[in-house]
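As written, the chain order gives the labels A, B, C, D and E, with residue 1 at the start of each chain.
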């Protein structure tokens, strides 16, 4: 039984006008456990707060009920007040008699009666309140960024800038990501490499940043502020510390016909390779699928030519364990595979290419050294057709239901650049809609149409059919002119939809971070917490959260960094005390709660119990990590045995409120 | 008024999630949008906190209607809470209907923090529906009646 | 001996119901149960009701006392009103005997349970002789004559008539009230039926079943038997056996807050439930084996030890047909008697 | 079949694969079978039985049996295997300690079912392919098996075993069982009729807890109805509300986890068709969220611990006339 | 005997004394300010807080106290928590007395008594002690061996040191489990202390305390040469409804509510070990 004080606020006349505050405080004084009940003009004022504090001291109150405005308004104020005189702040409840009573009822009798009932419910709840302590958990001052593309790089640089250690895990031999493959960037048309590679170098040189390239995550345990991560550093058979990146080996290796993924397979590299000239780290990697020495034990040429003695055919995968306070996911995207889109002839002709391949064909470091040549015969194309929305906004099931967002702009860029460099080329763009919101985007697109004479045609391409003579027949409909078009093209460029990297889903499982049905990571709140995962301590950067162009990616990357810095700057995290709690004696270990927890806050432990008949028994029971639980209560209802309860909103507290409200009196 | 039958005033329990619907109810208050005093709100962190036991308990103790309000699907503060609540309540309400208990006595409504007007309108409508149904006699505990 | 033709049974029931509340076993919701008689209600053909007739005197829940609490004061209210007179019609011999067993607990052992007493005083038992006992019947093992039951008045149902005879004053008073619908007859038909029933009883599979080896004198021997473990192994710990049993009378007392007062009520409890003996000091019967043993020890050993050898079982066979795992007093007794 | 089972059980006992056998033990009257754990071949010879009356679903016993040392052999009828999988999914039993043998089942009956046909004084029962021949002290009666089966067997959902280590006899198929017909019939009634139906049925409840204690989905360490701290603990249904409450909450707690084994209705001493409540949930789940059979596979996510963004709104209940 | 066995009377808690951190003593009288009923030493009463439940408690005060009844109650469950939270003036309900009580008028007459208690186990035996003190002409000497976890956990400490220790007819031996500042008395567990003190074999023993203490003390007493027929204990914690009908309190065929709660150990030999 608590000793409860009731404090009814007039809120000037806001409450007192339609609620007889005196009658309310008198009626509530008679409730069991109430030892003091009063009313005052402004409870939230300093004088009002003092009134509360004094009563707590004088009457030795163990529970306080404030009948006032919404708890969303002043609960924190009142909790602070009672805490200042030694009462646990969670021994206070607010009955909302302003927003939910005096302001909506005109009749004073009605308002007064309702206020009394709301007060009773709060009293009934306080009877069952228990003092709660906000827990604390230490914060490891180190962040992990998964993915070394522009998103990961920007996030890492910003975090490092703030003075915290950051590790980047990149599955490829170099950081840089998709942006390294892009030629120019819209809407300013500056060269991607020129703006990206300095950032890559910054990363490599920043002493706060450690890059684990050619590495992947193996295991993640722990929770916000205190993750333990195992990173698998794949064997690259080259000692990173010794390799000088001279590239001698990559010219001597006899295995010459390895498809070069950097150029999307449009040319070849060797079995030992450095992805591109500005790679970071600039060290060679041996591709074990092609290296004769690794496969058959014959060759060893690279070791012979390596002056630094960096080649190590015996190198093994290495598992690194590290602790982090925060994890940023920046796993990026990939264009979808186009094998389901035969109507566009991607697999039928070398001259039907994706936009990313087009980037490589126009890039000075690409397979054609920047000259736009047809992949099939190396001739200049004179008619180029760009097809938009290939696999995007596709509800047929073959593609993706969403808009890939970046295609409109890069296609405009491609069309414009082609017309600029090769004015004799006819450029057609088939589109459903042109989406160009963004600073200077629409101007950019209009320039393509108006200044560069790109033929923008609203309509879908029905069929792309390569002809024996090397021409590609493009059948399409012009919706505005309402006519069928047949274009003889030399090159067809498909704006393939983009999708999250395949590594994202297993990663999400490891991180207990939620994903949507398209495998994009879900943000904690679509509007208000766009760079956080619902799982505390996991942050989202770049296209892993949804399709993004570079400016958006970089802003989100910096935003995620800001959130991470905000977390790492704390020495300890104060945890929400209103969290779920499992009564191990009653828990069945059935996993129902774990399945509905959006935060991965519930784990299972095998615990030994003494049975009533004095034997012992090991049972699997749920255990809630209070640092991770956010207190939604989903688990409490999923739990059939009632072992799971929510502090501050316990089953018995809510039922006491129900009883008090329904009680006939 | 000696012979006048006292008008039936239903007892309505409204469970409101802290982040959307409770805030929506506050907004209704701020905008002075009236709804009957028969509605009493219980604040819960999320619609998924509402156990079917609470709803039955309310009826046991004399409630004539129970309404659950939460964030719109997709907007849950805890991302997924209202999705679970949606399934649970759908099945529970269907079961109550199966037992012959008036299904109109239970309702789920998604009310955002900005929808003060919707909150008031929902409550007005629900109170009217329950008033029309009259006293809850099928899911009552006679001991709790006076 | 009085009789009434079966075709006229409605008239008999109506005559009783006119004077007192009448309960008869009838078919309702797919099974035989006692219901308050309403016009046109037919008596069941089933051998017996699923629930025993003990409810009439020891209902599953009953309000003992009410409290009104305000501030620091308590007001105690006895919720009882004078119980109406009632007649329970068609009680089988086994169930009639169960009342005398319940009497030993509630009436004959200090202090008297006034709730039980109140109902018992106002109830008149009209029993019904059996004609078609079942293989699960073993009332004979406890000296009960299914052909000639005890009760305030006894009935015999033949193919065409119902014969009735008063046994006690209460029974005579009842028959007096309904005398107009009855006609006088000799008892030859009844005697013939008794003989026939007794012959059938002798042929029942459990006719030879006996519990006579059990009693207070073998208390420790039975208690310490190693067979309890395997006998109780499959027990689900449900209360079916205890709740269908006409002689089980364990109860719990609980408080219920109605929102406008406290009701203290008594409800049936079962020694098979794991929390039954959970009391201030902990739980004295921790395993299902101990709880299972308690139930049968009580019926076969403790009760006779305290009641001149009378067993706490009437052989109605309900637990034989209703136990979810078909474990019952017959199996237990047969299994244990070998050790004695 | 009984012979095959007995032989296999003895083999596995004698070669040390298992140290106990969970099966059925003969009783007094052919039909009163008790689940039992046999530890020796002698015990098996003395009491092991498998016939048309072995209705008990043995899977729940594994919860306590797998806490003991050693491996136990269990015989599982097709429908029992669903419960078995569900218990595995919920980590309630230890698969390592179980040797599961699937056995065929052509439907079970019980003494109660025969008695409901007016048969009394049973002294012996024999069975052929289609009939039970019942000897009673009042004469002999023949009952068609199809007629005498438990309701759950008449609407059997599956003769297919979804889990076993070995199988005796042939495996069957998943059946199109019309098991929801009665639910549909109730749905088609008016609310008043449904209310009357359930009041009549549930008012018979004596709160013996047999339905709960036999239920393979009810394996809670402590049931909310037994826990004074839950706020809803009750021992007897002191009011019709509590009868409703108990059965609604029980059905809700097993919703999506109930395999529809029908044990609840089989054991109810008051013959309340409790399985209809569970089937109502199953039917709703199937219709609203896609077909789901609890226990069909190990490790599936129960419908109530799952969701899709496109799930129907609770208001569908107002619009589904007759459902 | 009360004819309405299950309907309680209203009692008023007139005084509450904090005995130890978790034990309080409650003085209870009827609405008329007098004792609600008379009792024998060792008998119990059913106290209840309506809405919370009933609980059986031994009556700590002696029947010779004509003004009120006392209950020393340890906080351990729902009902006791509510009792502990009460303020004087609060009404509760009370029914009783229940149980057989100690055989003060028969077997104890003229005997030297040895009372052994542990912790809250003093509550039931205090009524015997004070009864026999008040009627000292009928009894021999009284020796009390009482132990608790610490000095602060000794129930009725003031009474013990102020009254009992000054009673020429009494010997009081106190012990606590562990050394404690401000305690110069004996330290050690009760069973060992009993053996150390080696009491006279002629004494009649009354024992109450936690089960472990009972077990080892009984064994110790037997070692010293005491017979089971000399030793009494009380099982009042096994009482539930108080009238021997609810079906819980039986140990074998004996009902603690009616045949007990006071048993002589030789009686227990004939009963199953279910206590």
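Basically, a residue touches a chain if its C-beta (ideal position, glycine included) is under 8 Å from a C-beta of that chain, and two chains touch if they have at least 3 such contacts.
On a predicted model such as this, the values are computed, not experimentally measured, just so you know.
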> How many steps does it take, at the fewest, to get from chain C to chain D if each step moves to a chain that touches the one before?
Replying inline: 1
> Which chain's mean C-alpha position is the greatest distance from chain D's?
Replying inline: E
> What chain is the most remote from chain B, judged by the mean position of CA atoms in each chain?
Replying inline: E
> If you tally the C-beta contacts for B-C and for A-C, which one comes out higher?
Replying inline: A-C
> Centre to centre, by mean C-alpha position, how many angstrom separate chain D and chain E?
Replying inline: 51
>> Using mean CA coordinates as chain centres, what's the gap between chain A and chain D in Å?
In response: 45
> Distance from the CA centroid of chain A to that of chain B, rounded to the nearest Å?
Replying inline: 35
>> Report the inter-centroid distance (CA atoms only) between chain A and chain E in whole Å.
In response: 66
> Going by the touch rule set out above, which residues of chain A reach two or more other chains?
Replying inline: 596, 638, 651, 655, 659, 662-664
> Out of chain D, which residues touch more than one other chain, so two or more?
Replying inline: 224, 231, 238, 304-306, 309
> Touching chain E in the complex: which residues of chain C?
Replying inline: 64-65, 67, 69, 72-76, 78, 105-106, 109-115, 216, 219-220, 223-224, 249-255, 257, 262, 264, 266, 269, 271, 276-277, 279-281, 284-285, 290, 294, 297-298, 301-303, 305-306
> Where on chain D is chain B touching in the complex?
Replying inline: 183, 186-187, 191-199, 224, 231-232, 238-242, 244-245, 248-249, 251-252, 255, 277, 280-281, 284-285, 288-289, 303-309, 311-318, 320, 323
>> Under the definition above, what is the set of chain C residues touching chain B in their complex?
In response: 256, 258-260, 263
> Which residues of chain A touch chain D in their complex?
Replying inline: 517, 585-592, 595-596, 604, 617, 619-620, 638, 640-643, 651-652, 655
> If you look only at chain A, which of its residues touch chain B in the complex?
Replying inline: 70-72, 96, 98-101, 103-106, 110-111, 113-114, 117-118, 121, 514, 522, 524-526, 534, 578, 596, 598, 630-634, 636-638, 646, 649, 651, 654-655, 657-659, 661-664
